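Here's the structure, in C-alpha cells; my notes come after.
For clarity, chains are labelled A, B, C and D in written order, and residue numbers in each chain start from 1.
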Amino acid sequence: MSSDLTAPVAREKTTGLHIGDAKPGVAKTDPIIIADGVRRTFGGLTAVDVEHLEIPRGAITALIGPNGAGKTTLFNLLTGFDKPDSGAWTFEGHSLSGVPAYKVARLGQVRTFQLTKALGLLTVLDNMKLGAKGQVGERFWQSLFPFLWRKQDHQIEERAFELLKKFKLDEKSDDFAASLSGGQRKLLEMARALMSEPRLVMLDEPMAGVNPALTQSLLEHILDLKDEGMTVLFVEHDMHMVRHIADWVVVMAEGRVVAEGDPISVMKNPEVVDAYLGAHQEIDLGVVTGRYPAADAGKNKASKESK
Amino acid sequence: MPTLALIVAFLATMLAFTFLAGVGSASADEIDTDKYQYRISGNVQLDGKPLENIALTIAGNGVDTTVKTDKNGQWAVGVPEKNATYTVALDENTLPTGIAVVNDADATDETPNIKDAEVGPGGRVTVNFFIGEGERHVTSFADQLVERIVNGLRFGLMLALAAVGISLVYGTTGLSNFAHGEMVTFGAVMTLVFSRGVGLPIYLAVPIALVLSGFIGYVMDAGLWRPLRRRRTGIVQLMIVSIGLSLAARYTFQYFIGGSTTQLVGADQRPIQLFGSVSMSIIDMVSVVISIVVIVAFAMWLLFTRIGKATRAISDNPSLAAASGIDVDRVVRIVWIISSALAGLAGVLYAYYRPGIKWDMGAEFLLLLFAAVTLGGLGTAFGALIGAVVIGLIVEVSTLWIPADLKFAAPLLVLIIILLFRPQGILGRRERVG
Amino acid sequence: MSAAATAELVVDIQNVVAGYLPGVDILNGCSLQARRGELIGIIGPNGAGKSTLLKSIFGQVNVRSGSITLEGRDITSLRANQLVALGVGMVPQTNNVFSTLTIEENLQMGLYQRPKAYDERLEFVTSIFAELGKRLKQRAGSLSGGERQMVAMSRALMMDPKVLLLDEPSAGLSPVRQDEAFIRVSEINKAGVTCIMVEQNARRCLQICDRGYVLDQGSDAYTGTGRELLGDPKVTELYLGTLGE
Amino acid sequence: MDWIQILSNSASSIISPATLAYALAALGLAVHFGFAGLLNMGIAGFMAIGAYGYAIGILTFGLPWWAAALLGLVASAVFALILGIPTLRLRGDYLAIVTIAAAEVLRLLFLTTAFDKVTGSADGLFGYHASFRASNPIPEGTYGFGPWEYREVDWWVRILGIIALILAIITVWRLMASPWGRVLKGIREDEEAVRALGKNVFGYKLTALVVGGVIAAAGGIVYALPSSVNPGVYVTSLTFFVYTALLLGGAATVFGPVIGSLIFWVLQTVLGNVLPAAVQAGYLPFMTSIQAQTLKFILVGIALMLIVIFRPQGILGNKKELTFVK
C-alpha cells in the first residue's frame, strides 16, 4: 500500500480540529499536547517563546517556519531533551515539565532527529529491536537468563521484520546501520520509533537529505501513521510536503507561534507570507535595490497571475 | 536530590576520616625515609622520659613534612639533599600542658622551638630540643595562612605556565594531551643534562633546555599530531595515543636518569626571611618573577599579536579561521612550540619547588594541570590561568587542615565537585540536541 | 547587468561530482559560471546540493571529478587559506563569527594575510556597514543574529575578495532582517564584488540576482536571469509555487 | 642466553596471577569503554579498592578471606556509584579527567600517613594470608609439569583466579548477547537516540560502571592474593597498561581483553628476561640491565600508540565495529 511506485492517492484531510477562529494559541477539540508559557533563551537570544499551543490528537500537524525560528528547540523542550527557562506542558493530561526524556518516550511520545541518529555499529535489526518497549531482557538480572526473554525477543523480532518490510529495509536487516544511505537511515529511524508503539510521533525534518524518489514513500508512511490512529507532529520548512499531508499547520518565527490553521488558509495568511517571504512581500527587492526598473517587475507579476 | 545527598554523605565521611585520623593515628614516626636517602631524626624527652605524639614540622628545600614521635619519643624524616639546611619546628601545642621548648643556659633565642638542621656530608643529622616548664612559642594562624597563600600563589603561577599551554593545544586541536606532563619533565631533565651533565652554568642551561623543549613540541606536532589530524583521527583515539606517548616518554626519562631524585644547582640555597613567617631563597624569588613576567608576556602575545589573535580565532571556530585565510596548521605548530617551551619552563621551576628531578615528576603534575584547565573551562587560556592559581592556592592552603601528604588530593576533589554542578565545565558551552 | 553578462569568467565550474561519504555523491555533474561583477543565486529544494556546491568551490568537500577554475586557474581541492590568498571569500551559514573575539578582531581575522591593508579595507567595509565602525570593541558573541550576519559579511569583505561565496545569508533572520541582508548583498555586489549566493528564500534571491541556478538532485536543472526564473512556470512548480499563491 | 629458562618463564606467565588480574581488569574496562563507551581512566582505582578492601577486611575487621573478598567487591560497587552519579553526565573527555582524578585521590588516601593503621600508608599491607591458605583443599606439595610447576598455595591462587575469570567472562558474554547489552551498545553509539526510545540511559551507564568496576576489583583481589598490597602499584600507569592490554585484544569483544592481557604479560616476561640476558651476554653494550627493564615499559607506550593508530579494533575486533565512535 505504501509504495513509491503507485501514484499518490490524495487522502482525506482531518478537519474540525479547532474551536473558534484559527489564530495562534487556538483551543483544540481534542488536544494531545497543551503547552503554556514555554520560554527558552540561549545567552540572551530568545529561541522559543510560546504563550499557548495545543496539538490536535489523531491528526498530522506540521510545525513550519524559517531556519532559526525555534522549531527544533521547541521539539527538544517538548520531548525533555532540553529544559526551558519557564513554562509548563502536558501530554495526554500528564504534566511533562521536568520529566526526563526517556520517561517522556515511555509515555508514548517518541521523536526522531533532524540529523539521523541511526546507531551505526548496530545492525539494522538490532536498531529496530532497541525500539521496543517493556523488554524483560533489558533489565539487568533478567538479561543473564535467556529463557526469561527469548520468547519476547522473538516476538519483537517478528514485529521488527514486519515494519522493515513495510519500509523496504528487510533485506538490509543484518547490515550495520552505518552502511545505509541517508534516506534509508531516515526510514530506519522512523521505523525504529514505531517499534515503541507510540501515540504521538514527533519527526524533526523527516525529509531533509532524503532523495526525491524516497520522499513520496516517506510521505505515505506518515499518512499511514494517522490511519493507524497515531498523532503526528513534524517539523519541516518545505511547504510542498506540508500542504500535501498536514491537517493542521503551526507557523513559528523568531521563537513565537505566529499563525495556526489548516494548510490552505495558513498559506494565505499574511503573517505566514511575511515569515516566509519577508515582511512586505509585495515589494520587489530588485526594484528596491535599483537592479530592475519598476515596469519589468510589474510584468513579471502579471505573468505569474496569468498562470 | 538523592545525588547531592550521596555526595554530601561521601564528603562528610571523608572529612570525618580525616579528623579521626588526626586524633587517632600515632605511629607515623618515620616519614619518607625510604623515599629519600638522607635523614633528620631526633628524640623528644622531658626529664629523660620520652614524649609520644609530639608533632614536628620539617621544612626547606621543598620538603614540608609533619611527623609525630613514637612511644620512645623518636622521629625521623627522609630528606632529598645533603649539605643542605632544613628548618625543624616543634609544635608546642602537642606538648603536655605547662610544658614548652626552652632555651638552654644563656641563649636568648626568641623561638627556641624552631631550629635549623644542617644535613652534612654524612647525610644524617639529629635535632633535639630542650623541653621544660615555660612559655610556648607558636606561629599564629594568620602567619601560617599568609605563608601558605604566598606559597600557593607561587605554585599556582608555575602551574599556570604549563596549564595555558595544555589549554591552547586543546582549544586549537581538541587534543587532551596526557603527554603534557612529560613535556614538563623534559624541560627539567634537559636543564639537568646541560648543567650537571655538560657543566654549563645554570643561566645557560635553562635557556638551552627551553629551546629544546620548544623544538620537541615542533617535532611532536610535525611527526605525530599533524599526520593524525590529516587522517581525521577521533579525539578519543588521539587522547589514547597521547597516553602511549606519555608512557614511552616517562620510561625513556627513567632509562636515562634512573629512578632516583637529582637536584639542580642551587636547590640547597638558604631561604631568606621576608616577612611574617614567609621565607624564600633567591632562586625562589627569581622563579616567581620569571613566572609573572612570562605569563604577562604570554597574555600580551595572545591578546595583541596577529598570531595570538589567530590562535584565539582557531580555538573559537577552526573552520571559520581557515575560511579567513589563516593557515591553521602553521598556527597550531606555533602553539605546540610555545606550549611545549612553557611546559619546559614550568618543569625547571617545579624542579626547584619540589625539589629535585625525577623521571615521573610530570605525571604528578599532569593531574593538577587537568584540574586547573577543567576548572577554568577546557580550551580557554585565561580560564586555565585563573584555574591554575586557584589550584595552587588550594594545594597549599588546604594543608592548614588536612595532612600535607594529601595536599594533591584536595584540588582533585574540588575539581570533581565543581563538575558536579557544571557538567560542561565552568566556561564550557552546552550543545543543542538534534 | 548586461555589461556583466559579457565580462570575463571569474568562476567556472564544470561537471563537478562531489560528496562527503565514500560512494555517496551529493553533486553529480553540476556546472556553474560566474562573470566579473555578477550576482549569482543558487536555489533548489532541500538536499539538492546547494551548500555542497558552495563547499566544493571552497575546498571543503571531496571533488571526485570535474573542474573548478578561478580566472582560468584550476583551484579544485585547494586548501582554504590558499583559496583566500587567491581571492575567494566565504560567509558560512552558521557559526560565522568568532564569538569570543571583538568585532575589530573579527575584521582583522578577515584580512589575516594582509594586515597592512586594514585601514583602507575598513573604510570600504564601513561604507557598506556603517554601524559596525562605531562598535568595534564589542564582543561578537553579544550580537543579535542580523548583526552577526553583517559582521560575517564584513569579515569576508576585508580580504578584498574577487568572488564572495554566501551560504544562506538570510537563514535564521526575521523577515525584516532578511530583506536587509539581501539589500546588503546587493550593495556588496554593486561595489564590484562578484557574489555567489545559496538561498532558501528563493523568491527574494531571484529578485536581486543577475542570474540564478536551480539545483535539483545534485545537478543544475535550470538557469537563466533572475527574472526569467521568477517567471518560469516550471521553476514555480518545482520550487517557488509552494507558497503564497 | 638461557633460552629454555626464558621460554619456561614466558609460558609460566600465561596463568600467573598478574595475567589473570589484568585479564579481569581489562574485561571490566571492556564493559566500561568497549561496550558502554565510557572513557574510564580510573580502572587502577577500582583495582586498588578490591585489593585494599580484601586486605583491610582481613587485617582490620578480622574477616575470613572469602568475606573480605566480598567486601572488596562491594566496596568497588559503592565506589562506582559514588563516582558515577556525579560524573556520568559528563562529556567523554571530562569523564576521563574526573575518573583519573578520582583514582588518584583514592591512591593518595591509601598512601597518606593519616590512615597508617588501616592502610599501612607507604608500606602497604601484607601478612593477610593465613585464612586463605588454610582454606586450600590441595595437599601440600608441588604439582604440574614443565613450566607450570607450582606449590599448592600457588595453584590455589591460580585456580581461584581462573574461576573468577571464567565467571566474569560468562557474565559479560551473557550480558552483551542480551537485550541489555544491545541497549548498552546503543548508548555507546548515540545516547540521545537511545534516550529518545525510552531507555534510562543514565541507569544503564551506572549499572555498566558498577559491573565493570566489580570485575576490575576482582582483578585487584587476584593481584593481591598471593603477595601484598603495595600503593605503588595502583598508579595511573596501571590504568594505561590495562588499556594497552584491552586495546591489544579488542575493546568491544569478550575474549579480546583476555587474549590482550595474555599477550601483554607474555611479552613483558619475554622482554623482561631477554633484554637483561642480552645485556649480560654483551649484546647490548650501551645498556645496563636496569635500563633493559625500563626499556620494556617504553615499548609498552610505543605499542599502545601503534595499536590505536593502526589497529584500533584490536586483534579480535571487527574493523567495522571499532569503538572509537566519538
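Following the convention adopted for this analysis, contacts are C-beta pairs under 8 Å (C-beta built on N, C-alpha and C of every residue); 3 or more make two chains touch, one makes a residue touch a chain.
Fair warning: this is a prediction, and the values are worked out from it, not measured in the lab.
**Q** From chain B, count the fewest steps through touching chains until chain D is reached.
**A** When the steps are counted carefully, the minimum from chain B to chain D is 1.
**Q** Contact counts by the stated rule: is the higher one at A-C or B-C?
**A** When B-C is set beside A-C, the one with more contacts is A-C.
**Q** Greatest Cα-centroid separation from chain D: which chain?
**A** So the chain farthest away from chain D turns out to be C.
**Q** Any idea how many Å lie between the Cα centroids of chain A and chain B?
**A** 55
**Q** Just how far, in Å, is the C-alpha centre of chain C from the one of chain A?
**A** Centre-to-centre distance between chain A and chain C: 30 Å.
**Q** Go ahead and note the Å separation of the Cα centroids belonging to chain B and chain C.
**A** 52
**Q** Show the residues in chain A shared as contacts by 2 or more other chains, in ascending order.
**A** 81, 113
**Q** Note the residues in chain B that touch 2 or more other chains, in rising order.
**A** Only 433-434 qualify.
**Q** Given the complex with chain A, which residues does chain D contribute to the contact?
**A** Interface residues on the chain D side: 171, 174-175, 177-183, 185-186, 188-190, 192-201, 207, 320-321, 323, 325.
**Q** Inside the complex, what are the residues of chain C that reach chain A?
**A** 1, 24, 45-47, 141-142, 144-145, 168, 170-176, 178-179, 182-183, 186-187, 190, 200-201, 203-204, 207-208, 210, 217, 226-227, 230-231, 233, 236, 242-245
**Q** With touch defined as at the start, can you tell me which chain C residues reach chain B in the complex?
**A** So the residues of chain C in touch with chain B come to 58, 60, 79-81, 84-85, 90, 92, 95-101, 105, 108-113, 115, 155-156, 159.
**Q** What does chain D use to touch chain B in their complex?
**A** Spelled out, the residues of chain D in touch with chain B are 39, 81-82, 85-87, 89-94, 96-98, 100-102, 104-105, 108-109, 111-117, 121-122, 192, 235-237, 240, 243-244, 247, 290-291, 294-295, 297-306, 308-309, 312, 324-326.
**Q** For chain A, which residues count as touching chain C in their complex?
**A** Chain A reaches chain C through residues 43-45, 66-69, 181-182, 207-212, 237-240, 243, 253-254, 267, 272-281, 284-286, 288-289, 291-292, 296, 300, 303-304, 307.
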